[in-house]
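In structure tokens below, several structures.
Paired with subunit B in one complex and with subunit C in the other, subunit A is shared by the two complexes that follow.
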Partner chain A sequence: MSEKDVIICRCEDVTLQDLHDMMDQGYTSFEELKRLLRIGMGPCQSNTCGQLVQREISKYLKVKLEDVKTQKVRPLATGVKLNSICEGANNES
Partner chain B sequence: MKANYVIIGAGISGCSIAYNLAIKGVKDIVVLEKAYLTSGSTGRCGAGIRQQWGTKMNCLLAKGSIEFFEKAKETLKYDGDIEFKQEGYLLVSTDEEEDHQFKKNVKLQNSLGIPARKINKKEAKQIVPHLNTDVITGAAFCPTDGHLNPFRMTDAYFKAAKRLGVKFYFNEEVTDIIIVNNKIEKVITANMEINSNNVVNAAGGYAKEIGDMAGVNIPVYAENHEILVTEPIEEVQRPMVMSFTKNIYCQQVPHGSFIMGRSNPEVEHNHSNESTWKFLDEMAKTVCEILPLVGNLRVIRQWGGSYTMSPDRQPIISDTNELEGFYLACGFSGHGFMFAPMTGLLLSEIILKEKSTIDISDLHLSRFKNKKDFIYEKSVV
Partner chain C sequence: MINKDLVIIGGGPAGLCAAKMAAEAGQSCLLIDRNRTLGGQLIKQTHMFFGSEKQFAKTRGIDIANKLVEDVRKHPDLIEIWDDATVVGLYQDKVITVLKNELYIKVQSKAVIISTGASEKVLAFENNDLPGIYGAGAVQTLMNVYGVKPGSRIVMVGSGNIGLIVSYQLMQAGVRVLSIIEASPKIGGYKVHASKIRRLGIDIVTSCTIKKAIGTEAVEKIVTVKLDEKWNEVPGSEKEYEVDAVCIAVGLTPLTNLQSMIGSEMKYISELGGLVPVIYPNHETSIENIFSCGDASGIEEASSAIVEGYITGLLASKKLGNVHPRYDELMDEYNTQLNNLRNGPFGDKILNGLKKQGA
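This part shows the complex of A and B:
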């Protein structure tokens, strides 16, 4: 299968080809790739693409998988509506 | 290694300065960045671009920069999309005093050629139909303000500078600056020693620490400002909506998601970038009141980044009387992204002893000497 038919990030529709093009330009850490391709910025927050990208970086840089720095994990763990947060906050106070 | 100029920091400021020097023919420029491109405040910012300021200086810095952004893709020959959106900023007022201030600001802005206008609630509602006008008294609107993708804009400067011969080193933290006989001799990182007589401090939240290495006191500090992003939807809000009294800015970016932030008056002075539940609570309450429709969206991520505060909340773009060859671009106090084109241009003029495009003697470091009481720029969140 051609690299441009392989989806790496479903939330932002990023293909393996996009990823490799960016790595060819010298961006080889998850944080850089995230900022330029939006991988890991979508609703799943890199729960899907995180490991796939890590493996691609490891292959590309020829370093061990465990030596590839993982992305920063931030809240929220899952999407929550602002209305619900607002209600929750008002109920507490 | 030897360099003519060493620039510390590869945020939007450092990249703009590198580009502006290189395009004027300066050779042997080295940029040292302790992490990666946009790893500092630049990659964490709201990336709003506005000319609606309360001081003449900020108005001029913003206006000159917008003129650059409008042509940036062509000027910098960037292959990507910088995602520049010019749909305006709607600043809402919540009492008579603020209305009055906005009127004054608009007058100043118009006198400088900025197309802002004071509008009433009804007109504001036409521009942003989901705005809750029960909680506002009026508004000001400038149609040419907007938003830019901060990663792409920095990447555009970075690539243009690289093509002009600037050398960038990432994961290289500057640990010391060696001064001999009151002259800069060397810049030290973990892996390199660079002989250079000129250093540009564009280290964002760490500008004070870099100043300390050079023995120059820079009275700035970093404080954490939090921000969040929602899931993307089709375009429903064209301009940025901002209220200084309600403490909120909220914009739908071209990608479709909403980003919003507010300040924490009790924030400590440090380098924290953490996210807190308190911010999430307060942010949700504020946005649900002022833009109720946005309450239906899911938050997908929150993060934090540094504002580098100066005593008068205006930037420091200057050389230093204390040390020859030491230049500063810092203390942007939460709005350095939108000023970056002017920052780079003006600092390159100082460095090359050229005539300044605008008079920026008020942005010199020396203004803080023996002075404690400052007039603040009030139009900030």
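This part shows the complex of A and C:
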């Protein structure tokens, strides 16, 4: 299989090869991979890639799927323009 | 800051039914949905539903959606609706941030019902980003909402009810479904749907998955491969199909970013589709007054989402001091309905999952 042609995170264009390269260097948690690859940080906020990454980590570490720690979810759930936030703040006062 | 006692996030079957019950109990609420049309995935379902008359069996999904929306619109004094509005944040003090017409609005709530539904699972295979590779939800949107054919020759990946029903609808629309492939050794959906498909001459190939897609500008071919009992590829079993579209229908996973974001206790339960919030007896999450129902708490069918919505609407209103005049009677009735639904063909799996999910 050509791992560079398997897209894991379509928002940030991260391939299976990118993921495995990082794992080979010892980065095997979602949080580490996220910071290094921006995986799961795009518009869909890991709704699409989350379960694929979980599966890859489970296979790589040979642990059960349910034992893989999932990503920390933070606001905002989708992209918001700074302008909207600023205007929102102006309306508050 | 806008103050609202009860906010319901997601206007699909669960959210709509929760809003209806709240209103009947005299509880005002704000119902927020990110789409322009309320009804969630029901608006794409042109087929008639199975099951009990109580959850609208023999009615088309879109007609169920219209009926549920009509119920909600009967209470304009109690139910405020924001459509085309996306909840972007849910915070510990129960402040909700919403993006509506580019405006960033803060809402202070006392209780929240999260009924955000599910998202589709995807597959990792070579060239899985080629145009023409769709999720089943996208195919239904194109075909059933907008009347656009997604392609002319298609392979369906996944034989659950969605895969089977969408295949049938594709054939009705004049799209050739070359084959339905299924990774597990057994067909996932109801036998009655599978039989209907077989009668049309469509092959359902079990223990088979998609290995890669081939194409330059868009998908032109796919290669499938058989799987052994340990889910390993069987060498030499590859098969090529010439297609201009592929439909991926490999299941759903609960959309739980809001429950996760606010810090409610979560658990991975494969029977319920993935990561789900732990549910307490009152249908609350581990955070008081944050309720969760429908597919957002675990994947079941639209009929279960409807009944869970009613139940959660009753519970949340009661918690806020508004008890439905027929509370006890309705709770009994809906709990019985839910138990009956979970006695269906997939009941054991769901019940097993729910056992793990309970606090």
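Quick notes on this one:
Here, the second predicted complex is superposed on the first by the 92 of 93 C-alpha atoms of A that agree within 3 Å, B and C clash if a C-alpha of one lies under 4 Å from a C-alpha of the other, contacts with A are read in each partner's own complex, and residues count from 1 in each chain.
Keep in mind that, in the parts below, a contact is a pair of C-beta atoms (placed from the backbone, for glycine too) under 8 Å apart; a residue touches a chain by one contact, two chains touch by 3 or more.
Bear in mind that the values here come from a model prediction, so they are computed numbers and not experimental data.
Because the two structures share subunit A, they can be overlaid on it, and in that overlay subunit B and subunit C fit beside each other without clashing. Of the two partner chains, subunit B is the only one touched by A:P43; subunit C is not. Touching more residues of subunit A than its counterpart among subunit B and subunit C is C. By the document's definition of touching, both partners, subunit B and subunit C, reach A:L76. In the overlay built on the shared chain, the residue A:L16 is in contact with subunit C alone; subunit B does not reach it. Once chain A of one complex is fitted onto chain A of the other, the partner contacts of A:I8 are limited to subunit C, with no touch recorded for subunit B.
When both complexes are overlaid on chain A, the residue A:I85 reaches subunit B and subunit C alike.
Residue contacts after overlaying the shared chain place A:R35 against subunit B, while subunit C stays out of touching range.
Once both structures are fitted on chain A, no C-alpha atom of subunit B lies closer than 8 Å to one of subunit C.
Shared contact residues of subunit A with subunit B and subunit C: 45, 74-76, 80-81, 83, 85, 88. By the touch criterion stated above, subunit A contacts subunit C in their complex at residues 1-2, 5-8, 10, 16, 45, 47-52, 55-56, 65-66, 68, 70, 72-78, 80-81, 83-85, 87-88, 92. For subunit A in complex with subunit B, the touching residues are 29, 31-32, 35-36, 38, 41-43, 45, 74-76, 79-83, 85-86, 88-90.
Remark: subunit B residues 36-39, 43, 151-152, 155, 229-231, 255, 275, 277, 280-285, 287-288, 294-303 touch subunit A in the complex. The part of subunit C that touches subunit A in the complex is made up of residues 1, 86-91, 97, 99, 102-106, 119, 121-122, 124-129, 211-212, 253, 255-258, 260-261, 266-270, 274-275.
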